[in-house]
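Input: structures, listed below.
In the two complexes below, chain A is the common chain; its partner is chain B in one and chain C in the other.
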Partner chain A sequence: MATATRPAPAATTTPPRSVVTRAAAAVAGLAVAVVLVVAPLVSSPYINFQLASIMVFAVALLGLNVIMGYTGQVSLGQSAFLGLGAYITAYGVLNDWPIALSLLLSAVVPAAVGMLVALAAARLRGLALAMITLALPIIGVPLARRFDGFTGGSQGQVVSWLRAPESLGLANDQWRYYVVAVIALVAFLLVRNLVRGRIGRSFAIVKENEAVALSMGVSPYRTKVLAFTIASALGGLSGFMYLAVVQYTSPETLVFATSINLVAAMVIGGSASIVGTALGALYYVLVPVLAGQVNSSRTALISGAVLLAVLFVLPAGLVSLPRRLARRRSARRGTRTAPHDTADDAATPTSTDGSAPAVPAPAATTTDQHP
Partner chain B sequence: MSYFVQVVVDGLSNGAIYAALALAIVLVHRATGLVNFAQGGMAVAATFVAFALTRAGVPVLLALLAAVVFGFVLGALLERGVMRHFERGDPDTAVVATIALLVLLTGASAFFFGYEPQPFPSLFPNRTFEVLGVFVSFRSIGTILVLIAVMVGLQLLFRSTKLGLAMRAVADNPESSALSALPVSRLLMIGWGLAAGLGAVAGVLVAPQLFISPGMLDFVLVYALAAAILGGLDSPVGAVVAAAFIGVAENLAGAYLDVVGDDLKIAVPFVAVMVILVVRPQGLFGRKTTVRV
Partner chain C sequence: MTAPPAPDAMLSVRGVSLRFGGITVLDDVSFDAPRGGILGLVGPNGAGKTSLFNCISGHYQPAAGSILVDGTETVRTPAWRMARLGLARTFQHPALRLDATVLENVLLGAHSWLPGGPVAWALRLPTTRRHEREARARALELVERTGLGWAAHTRADELSHGLHKGVELCRALLARPKLLLLDEPAAGLSHAEVEQLIGTVRAVRQEFDLTVVVVEHHMGLISALTDRVVVLDHGAKLMEGTAAQAQSDPRVVEAYLGKEVGAGEPA
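Up next, the complex of A and B:
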């Protein structure tokens, strides 16, 4: 977010929206929901795998968005929590824990680790915090190799679990898709409510200005610890989902590169936005797959070019696309017929041409209204 | 005892590589307030230029100079063509733009040279010599000497030339510099160019050891980042001291602590960095900044 151009924290300045937009959003949401329910029944296992992967990384990104997008604290360690969650789940599967226990611990243990780190690190700012979080995957990978009794060492852990119940008549990939979809849905609903409530407002004010937060009786330290703990819990939860979908985890799961790519995906989707989180996950999973299909030996080249192109065109993320299009349209109409329509554009005249500097409209103010 | 000295010298030579890249990160951060993840990608691209030249029969030293020049031009072009677009926008977006450049440059290097690691000729003879009963390699000493030369050169540039003074002014306060008729945007370009040239030095020095491949510097970049942040991000001296500390601590822990061993030695400097930062958030050599509300 370009905080300088933002008038006030996201949660407090929601402009009124017309009935038409509301209805359009509801219809779009419904359509997406129907597609998500029906898709696995008619798709190949490969497609279902990709769809389920999107759910997995959507939850990891959701956690990252809580700490980075909403609270403004850089985290380069989200992959470590994803890996920890996956390892805990794998350990649970291999030791015949009930699935509910695995699910619980895969969120609670990373949350506890994240809280411990945050208790020490939350008084740091900016890059010092980035450094601490960066160290988590860097230390985590050799640790995972070393403690092979728990992790299976460099080989990793192959598990076979979460088979579809006979009575449902679903294939394994379909059943796993529905399981992760339900978890993702619950996580998204909880976070959506969280960021729109009192806690979300405290996140926003801490991001905006810690001194002001303090003067309002919001402790920046406690808020950051809370945000980081939630982010870690969601990271661990995504690890549970990862193991459900992939059925395998290794030290590769928590490498630093994953954290970096998650940060990129968050910004690409649109930070501090629920819809942006989903779009970011879509980007995270699909772009490498599509780039690989275009030319498997040029994946990095294509991914990098696409990433840069999106940043050039939509610095505020994919989620700002509809508003950008609308503004462009109204600007065009404005120059032809109705000058009174362009009052909004006059304030940011640069936004109408493609080479405008990054002056994103406040992405969070309207977009997190979607269901 | 002689083993100890050897371990420390090797650690210092690793530290010298981290320091070169860390200095590059500090250079860009001072000028633009950005952490540049593309530093590793630019360095690898420049190193590949040196690689192509040495394969064509050019001596390594000449290839190194060519790589530095290429790196300078590449850095300056990327600043002008890409990063300027993000300069006044959201810093998160700008940092992600450098990540995009990293991915893109890695992909470009792979496009021309493939992902397979390939041997790279060393600038220094692959021999050791004996000083007071201690064997040290020419490579380690050479790497350390080159870095010291680079540091002295940078120091001279910044302290005793008009260009250096102007660059410091721009880093300190771009608006006032512009009002004093300094060509701010050109100076930013030069800053990026210098940083990329420095990265090229690091790449050429480390390539014989790691073998050259597009992902060669990924790990070095992480170390350099740690050194830059530990050193306080704005302090070149701090970055070098922190890099040396990281290199030596890692090597000593790997050599002497059985629990740590070769696989976990990377964790030691990072745990140390975590502890130091929690105690001293501004880094070892950083200044405390206070922000007025």
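Up next, the complex of A and C:
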């Protein structure tokens, strides 16, 4: 511990970021907001459908990021919750439930299912949770085919709902876009708040080191159950949004491939990042569309190549691009003026003390005691 | 055989045994840490010091024995509930979130006393915001007191090992412990850093009315800091006394250095 020779900064409640960075972020945020509000008014129904789809998958990804990005538990079953939410909503539409009830149950029922799964699975260590989540879409698809009274079987359920109120003068695609955009906005705000405070810190330490979590009063088991429950609720909510946009759901909605693509999109956007989640949703929806325009018979191939390219160039996801550029700029300036200073290069974890390990060794194995 | 727990003890360990498979790691260990004191736990490598720590902090469950923290039996208490009982600890290898700032790392220490569940935090209720502000102010205060104020908003991966230890100490202190367990706080520190650590531990013990138990190899730190030491060897208590007594005790010397050639008489 060095003596406090450097002047201590004034007690601020937010980490000081440069004024330029903050201003740039504010301008960018404002510009995005304006585009998101105005775009559907001037775009074709097709474009609005794509924009609304981005909102849908942004919320599914947000949930995935809570359990996987922030809490570090591999989940391969997010599509099952998306599908469950969509089926519940479809059932509600076909049985004339109030929309608010459909909205509520599309989140609460998947949350309850997710919680039950996690209560059992979070006791297991390592990849066991991943394996159990993997089973969800695999079991879910035949279940959805089988219970055709509820799901419409292999044909799925076609619904026609959420038409624009006449008084607003909006087309259906515009109205549906705004509905899902508002839901997405609320979900993002809530999760952003959550991951910044006490609960977010407990997620992060469970991801980093469970022994430390235990010693600081965090139960890894409870934390995983909570994170998985939130992830499932958001997955279900995105199912509601999916049905709002697509007006159709079938066993295809919850296939395993969707879960895997969501995981890829989360990593591409940037895990444990709110902005990264939004970027991941852009990737998830737009890259297959754009790849299809390049060559419609090579969509998967082109998407895969983009995935690899992004991961090679930006292993921390698209969200790390500005930081990466800034670092490169400062590194270049550094070589011109002063000896190279690698202190800000995340690629080389620094250890100014030669004898000390740069990466803390994991503490002794622990007995994760359950409540 | 084992004495009843002393009434003024913050920590009473009685007859604690720990086994991993067929190996006895701790064998019937008993000692008390008097309230407000600093107790050293010493012994050669593999003596079971950290295992004993892990039993006290609830990370391990002893096969037998009793552990009282401020009069409360804690052997069956899950580790994550120990923080609320007033116990905080550091680790041999400081485990920080390297991608987070010093302040964010320290703030984890407030987890056990910060109120509010996920709903309150997701909604950022006014009370929640106020609690978070208080925790931040408290964390900054601790960070500044330990000479790390300048690094409060620096990412942990830009700091040295010695500073990581300081951050970890702040994190433990933010939990408002009554009993603080320090696992080899001086390991990997420079001489100057050890000197400062001694000053810091003394100061915070006084200020926060702490009882401290410290596992350490650094005899300078043990002599300077502790009122009493408990010497462990092969999982059993060898002796208990002041640091000076321990250093001159032939059994302790033997445990560390081996038996003197020709002086072969069983202890």
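In this section, the second predicted complex is superposed on the first by the 322 of 371 C-alpha atoms of A that agree within 3 Å, B and C clash if a C-alpha of one lies under 4 Å from a C-alpha of the other, contacts with A are read in each partner's own complex, and residues count from 1 in each chain.
Convention: contacts are C-beta pairs under 8 Å (C-beta built on N, C-alpha and C of every residue); 3 or more make two chains touch, one makes a residue touch a chain.
Here the structure is a predicted model, which is why all the values come from computation and not from measurement.
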Open item on the list: Quick check for you: in the superposed arrangement, does A:Ile47 touch first (chain B), second (chain C), both or neither?
Closed with: neither
TODO: In the overlay, answer first, second, both or neither for which of chain B and chain C A:Ala39 touches.
DONE: neither
- [ ] For A:Leu307, select first, second, both or neither according to whether it touches chain B, chain C, the two together, or no partner.
- [x] first
- [ ] Please indicate which partner A:Ile138 is in contact with in the superposed arrangement: first for chain B, second for chain C, both, or neither.
- [x] first
- [ ] Applying the touch criterion given at the start, work out whether A:Ser219 contacts chain B, chain C, both or neither, answering first, second, both or neither.
- [x] second
TODO: Could you say whether A:Ile230 touches chain B, chain C, both of them, or neither, answering first, second, both or neither?
DONE: second
Task: Partner chain in contact with A:Ser202 - chain B first, chain C second, else both or neither - done: second
TODO: Classify the contacts of A:Leu190 with the two partner chains as first (chain B alone), second (chain C alone), both, or neither.
DONE: second
- [ ] Return the residues of chain A at which the contacts from chain B and from chain C coincide.
- [x] 1-3, 209, 211-212, 355, 357, 359-360
TODO: Show which residues of chain B lie in contact with chain A when the two form their complex.
DONE: 35, 37, 82, 85-90, 92-93, 95-97, 99-108, 110-111, 214, 218, 222, 225-226, 229-230, 233, 263-264, 266-267, 270-271, 273-274, 277-278, 281-283, 293
Task: Sites on chain C touched by chain A in the complex - done: 50, 54, 57-61, 78-84, 88-89, 91-101, 103-104, 107-112, 114, 116-118, 121-124, 128, 132-133, 136-137, 140, 144, 146-150, 152-153, 157-166, 171, 175, 188, 190, 193, 196-197, 200
- [ ] Could you pull out which chain A residues touch chain B in their complex?
- [x] 1-3, 68, 120-121, 123-125, 127-128, 130-132, 134-135, 138-139, 142-143, 145-146, 209, 211-212, 256-257, 260, 263-264, 267-268, 271, 297-305, 307-308, 311-312, 315-316, 355, 357-360
Open item on the list: Taking the touch rule as given, give the residues of chain A at its contact with chain C in the complex, in rising order.
Closed with: 1-4, 6-9, 11, 13, 15-16, 190-191, 193-194, 197-202, 204-205, 208-209, 211-220, 226, 230, 343-344, 346, 349-353, 355-357, 359-364, 366-367, 369-371
